[in-house]
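Each of the next two complexes has chain A plus one more chain, namely chain B in the first and chain C in the second.
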Partner chain A sequence: MEKKTIVIGVIGADVHAVGIQILYYAFSEAGFNVVNLGVMVSQEEYIEAAIESNAEAIVVSSLYGHGELDCQGFREKCEEAGLEGILLYVGGNIVVGKQPFEDVEKRFKAMGFDRVFGPGTAPETTIDALKEDLLGIK
Partner chain B sequence: MIELANKRYDDEEFFREREEVLKTWHTGQEVDLSEAVEYQRSIKTEKRFCTKLGNAIKGKKTLVQPRAGVALVDMHVQLLQYLENEGEADLLPTTIDSYTRLNRYEDAEHGIRESKTHGKSMLNGFPAVNYGVKGCRMVTEGVKSPVQVRHGTPDARLLAETAYAGGFTSFEGGGISYNIPYAKNVPLTETIKKWQYVDRLTGYYEEQGISLNREPFGPLTGTLVPPCVSNAVAIIEGLLAAEQGVRDITLGYGQCGNLVQDVAAIESLRYMSEKYLKRFDYDGYILSTVLHQWMGGFPQDEAKAFGVICWGSAVAALAKATKVIVKTPHEAMGVPTKEANAAGLRATKQVITMLADQALPQDSVLLSEIDLINRETEQILERTLELGDGDIAIGTVRAFEAGVIDVPFAPSRFNAGKMMPARDHDGAVRFLNVGNLPFDDSIKAFHKKKLDERGKAEGRGVNFQMVVDDIYAISKGRLVGRPHK
Partner chain C sequence: MQAVLLIDFGSTFTKLTAVDLEERRILAAAQSFTTVESDVMQGFNCALEILQEQLGGVEFIKRLACSSAAGGLRMVASGLVPSLTAKAAKLAAFGAGAKVIKTFSYELTDEDIDVIDDIAPDIFLLTGGTDGGNVKVIQHNAGLIATAKKPFPIVIAGNRSAAKVCHEVIASDIHPTYITENVMPELNRLNIAPAQAVIREIFLDRIVSAKGLSHEKALIEGIIMPTPASVLAALSLLSKGTEKTEGIGEIMCADLGGATTDVYSIAKGYPLNPSVMLSGLREPFEKRSVEGDIGMRYSAKGIVDAQGLEEIINISGLSKEEAENYLSEISKDKSRLPSDNKTKAMDFALAALAIRTALIRHAGELERIYTPSGAVYKQQGKDLTGIDKIILTGGALVHSDNPQAILDIAISNIEESSLVPRNPKAIVDRGYILSAMGLLSTYDEESAINIMKQYIGGHVDRTGQ
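Here is the complex of A and B:
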C-alpha cells in the first residue's frame, strides 16, 4: 500500500504540545506519512506544508478555545492556493467552553471542514476516519 | 546578541527600556509609575496578595484559587464576584487570553469585538493590555479579594506594567516557565532578560514600600514532569527574581499523582529553595508554595473529574502548600462555566478543611523520596551553575542547550527533548530515559530499576507505548497506563 501523506498541527496561538506528539506517533504507527508542524501553526503554514508534501489531508487540532476564530476562512484559503477538495479535519476543544457538540459540528462543517471531532477523541477514531476517507476502508 | 547575567538591572537601562515598552500598544501611555505606586499604596492591606499569603503561612492554612478570565470587563468582574461569593475563593485570578500572551493586541481587539457581537466570550481569557490601566482597575476594584494575573506570556513587560498600575498585587510567570512550555521559537536569553525586567519592576515597587507577589509557573508542560526538573526551574526563577529585588515569592509544583512523591516534592522544593536563596545571600524574602491540581488530561465525566480535583486537594493539604490552584469539572472540555468553576473550588475547600489537621507520617518511604528529589535537584543546579561559571542566568541557557535541564513534551525548540519520563508501578514519575540530565550512577540505576519493575509486572518491554498509555490514563480512569487487555 502506498503511504498517504497528512499534515497535522495545532492552529493559531495555541501551545498545547503534548497531544500533537501523541497524534504524530499514533498516525505514523497506523501507516500514514505524517508531516507534524507542531504548535502555533498558521493557516498559511498548513497550506504550504500540504502543497510541498503533496498531502491529501490537513488535520487541525485546537485545545484552547480560539479554534472558531482561528479556523475562519481556512477552506477558502486552501482553494485559493490550489488545494481544491483537500480533506480538512478539525478536532479538540475547538470552542470556548462546554457547548452542545451538534451545534459546534454544524458551525465547523459550514466553514468547510469535512469532519469535526469533539473533546477527548481517541486517535483511533480519527485513524478510522482517515482510512475511510483516504483509502475507502470501512 | 543580548548580554545576559544574573545581575540587578541598571536603573538607567531599565527606565530607557521602559519608555520603549510602553509604546508597544497605545494603552501603555496610561501607565504613570509614580501615580501607580500611590494607587497601589491606597489598596487596603487585606486586599493584598502578600498579606493573605503571609497570614496563611502563619496559620498553616492552604488557600484556594481558581483560574478564570473572559473577554469583556463587566462579564469578567461578575465571574470573579461569583467565584469569591459562591466558590469561596480566597485568592482571585485574572487569566489572560492567548493572543495577549503573544503580544497580538490587534487579534485580541478583534476577539473583544466578536465577543460583543455574539454576546459571549470568544477569547479564552481577559485581554488586560487592550483594556489598559482603567479596565484593570475596574476589575481589581470590583472584588473583595486580592487578584493575580495568570497567563503564559514570553514577553510580559507591558502586561506587568499595566497589571501593577491596574491594582493587581501578584504576577505569575518567569523567563523559563513562560517560555519553554508556551513558545516555539523564542530564545531563552531573550525571555530571561524580559522577565528580569518584570522582576525589576516588581523590585522597584518593593523599594517604594509596595510588596507585590511573584510566582514562577511551577508545572511547566503539566505532563509527567519529574519533580526535580520543575523544582530546579522554580528555584532558578526564584533566584533570578530575588536578584532583581523581589521579596515575596511563591514557588509552585504540579501534582503528578503519587501521593508520597507529590508531598515529598513540595517538601523538597521548600528545603532546596531556602538553601539556594541563603547560599546566594538573599534575605528578607517571604517564601510560599503552591500546588497545582493535576494539569494533564482530565476525564470527561464530571463526577470522575471531581475525583481528580479532590485527590489534588488532598496533596495540597497534606503537603501544607500555602495555596492550591483549582481545576474544574469542565476541564476536559476547555474553559469552564462559572458554576463549574465554583463547584471545583467548593469541593477543594471541603477536602482541604477536612485534612487541615492531618499530615503524612515522616516515615522512611517519604524521607527517602525527599532525599532523592533533593539529590537530583542539586545535581541539576550544580551542573547549571558550573556551565554558567557561577552565573545562574547564563548557566540556564547553556543547561537547556545541553539537555542538563530538559522539560518533557515542550513545544520550544530551545529545549533538548532528549529526556523521557514514565510512571513506575506505583504511579510515581520516573525517568524512562534520563537524556543528558547530570545524574550520578546510583540515581540512574534507581530509575531503571523502577521502570523494569513495572515492565515486568505488565509483561511488556519498557518503551514509548508506556508513556502514551500514561498520558491518557487519568482521562480513562486510572493513574498508571496499563496495557490493553
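Here is the complex of A and C:
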C-alpha cells in the first residue's frame, strides 16, 4: 500500500521540542510518511511543506496555550494555496486555562479543523483517526 | 620548470596567468580584451604575446581555461514553492557558476514560456516536489516547457516519481533532456551536487562550442568550467586545505563588478547560540549568491534603490546635486573612472553600499519572537557573524586605496537581525588569481593552495591593455 504523507510540527512561538519527536516516531511506526517541521512553525511553513511533499494531512501541535491565536485563518490560507480539503488536525494544550473541551472543540472546528484533540491524548488515538480519515480503516 | 597556463575568458578581459608547479609561484600575468564577436583566440593570442614577452618563451605542460564570456552560463529555473524547491534550484544553478536570469515558482503559464523564449537560456533547470511529493506541478511545467520554440537543454531535477514522465514529454531535438537527482529530495534538505554535475557536463559538451569558445582545441585543452564555479572551487580549497597544507578556515568573498555583485561563503553558518532554532531550507556549505541589480556602473541604480540616495550622500560627503550628477554621468558612460576626490568618494560610497546590500542578501536572518517565557530566536539561512576574513575582488575594490575602509562602512548601519560578518578583515585579490587557482586546483591542488596562500592579499602585476 502507498504510504500517506502527513506534515507535523509545533505551531507559533512554541518551543516544546520533545512531544513532537515522540509523535514523529509514533506516526512513522504506524506506517505514515511523516514530514516533521519541529518547533516554532508558522502556518506558511506547514502549507509550503504540504505542497512540496503532497501531504494529505497537517497535524498541528500546540502546548503553550496560544494555539487559538496561532491557528486563526489556517484553513483559509490552505484553500488560498490550493490545498482544498486537506485534513487538518490540532491537539495539545491548545487554549489558555481550563475550559470545557466541548467548547474548545467547537471553536476549533468552526475554524476549519477536522479533528481536535485535548490535553493528554495518546498518539494511538490520533493514529486511529488518521487511519480512518485517510485510509477508511475503522 | 613545470609551467601551466591558466586562462580566464572574462566578459571584458581575457586574463592569463602562468604558474610554475615546481617552485609553486606565479611566473607572469597578462590580459587583453576579450574578442568574442570575431574569434576569442585573437584576444587570447594578444594576451599570450604580452605574457611570453615577460617569460621569454616558455613551453606550457598544461593549459586550462574557464569562461564567463558571451554572457556566461545563462540559466532559467523553475520550482514549486518559492522558499523551497525554487530556491533550491537557484542555489544549485548559482553554485554551478551560472547566471540565473529568472526563477519561476508554481505552475508556468503560456506567457512565462514566451518570456523564457525571449531569454533563450543556455540551460533550463526543471524542479518541483520532494521525492514522493507533488507531481502535478512539475508535470504541468514539463508539458509547457516542451512548447518553447528556442532550443536549449533541460535538466530535470525534481520529484523522482515524475522524472520519467517529464522526460518523455520534453525530450526532443531542440530540447535535449537530462534526468538527475532531486535538488530537494526531502523537505528542507538540499541535494544540489548531482544537478550541478550535469550542468557542468552540458556546459562542457554543448555550450562552450555554441559560444564559439572551442576553437583551437589543440591549444587549450577545453574550457573546463564557468568562471564563478572556478572561483568557488578556489575558495573551497583555500578554506578547507589539503592533506598536506592547512586551509585558512571559514571565509567569504565579494566580487564587485560593473553589472553584478557575487558573494561566496565557505562556512557552515549554523546558529552560534544554542537557544536559536534553525528553520527553513538548509543552505549549502559552499554558497554563492548573485545580485543582478547591484553593480558599480550598469547596476548603480540598484544600489540607490536598495540603500537610498541619503546614505550615499552621508558616506560620500557630497551634496545631493553632486551625487545625482555623478550617478547620471556613470549611467551614460559605463567606462567612466573616478577622476578627482569627489568622484572617488562617490565610488567609495557606491562600493561600500553595493557590498552591504549583497552581504545582507547572502547572509541569514534572525527573527526575534516574544513568548510568555521571554524572547526566542528563529534563524533562516546562514549565520556568518563569526566570519573574520572576506576576500575582495573586482575593479572598484582592487584599485581602491583603502579596501578595509570600504568593508568597514559596508558592515556598518546594518540591522542587528542580519547575520553578516561583524568584524571582518579585508583581504584583496589584486591579481585576480582566484579563478586561475580554481582551474589549477583541478590539476594540482597542492600548488593551487600554496600559491593562493602566498599571493592573495599581496601584489601580482598584470600587464596588458
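Throughout what follows, the second predicted complex is superposed on the first by the 138 of 138 C-alpha atoms of A that agree within 3 Å, B and C clash if a C-alpha of one lies under 4 Å from a C-alpha of the other, contacts with A are read in each partner's own complex, and residues count from 1 in each chain.
Basically, a contact is a pair of C-beta atoms (placed from the backbone, for glycine too) under 8 Å apart; a residue touches a chain by one contact, two chains touch by 3 or more.
All values reported here derive from a predicted model rather than from experimental measurement.
*Asks:* After the chain A overlay, clash or fit between chain B and chain C?
*Replies:* Taken together on chain A, chain C would clash with chain B, as the superposition shows.
*Asks:* Contacts for A:A13 in the overlay, against chain B (first) and chain C (second): which applies, first, second, both or neither?
*Replies:* both
*Asks:* On the A-aligned overlay, A:V39 touches which partner chain: chain B = first, chain C = second, or both, or neither?
*Replies:* Both chain B and chain C are touched by A:V39.
*Asks:* Between chain B (first) and chain C (second), which does A:L69 come into contact with in this model arrangement: first, second, both, or neither?
*Replies:* In the superposition, A:L69 touches chain B alone.
*Asks:* Going by the contact rule set out at the top, does A:Q21 touch chain B (first), chain C (second), both, or neither?
*Replies:* The answer is first: A:Q21 touches chain B but not chain C.
*Asks:* Looking at the overlay, does A:G97 come into contact with chain B only (first), chain C only (second), both, or neither?
*Replies:* In the superposition, A:G97 contacts chain B only.
*Asks:* For A:T5, using the defined touch cut-off, is the partner it touches chain B, chain C, both, or neither? Pick first, second, both or neither.
*Replies:* Second partner only.
*Asks:* With both complexes superposed on chain A, which partner does A:E52 reach: first (chain B), second (chain C), both or neither?
*Replies:* Only chain C is touched by A:E52; chain B is not.
*Asks:* For chain A, give the residues common to its interface with chain B and its interface with chain C.
*Replies:* Common interface on chain A, chain B vs chain C: 13-15, 38-40, 64-66.
*Asks:* Please name which positions on chain C make contact with chain A in the complex.
*Replies:* 80-81, 83-85, 128-130, 132-135, 184, 186-187, 277, 279-280, 369-372, 376, 378
*Asks:* Which part of chain A faces chain C closely enough to touch in the complex?
*Replies:* Where chain A meets chain C, its residues are 3, 5, 13-15, 33, 35, 37-41, 45, 48-49, 51-55, 64-66.
*Asks:* Can you list the residues on chain A that touch chain B in the complex?
*Replies:* 12-15, 17-18, 21-22, 25-26, 38-40, 63-66, 68-69, 93, 95-98, 119-120
*Asks:* Mind pulling up the chain B residues that touch chain A in the complex?
*Replies:* Residue positions touching the partner: 97-99, 101-102, 104, 107, 110-111, 114, 120-124, 152, 181-184, 221, 223, 296-297, 300, 330, 332-337, 340, 409-411, 464, 468, 471-472, 475.
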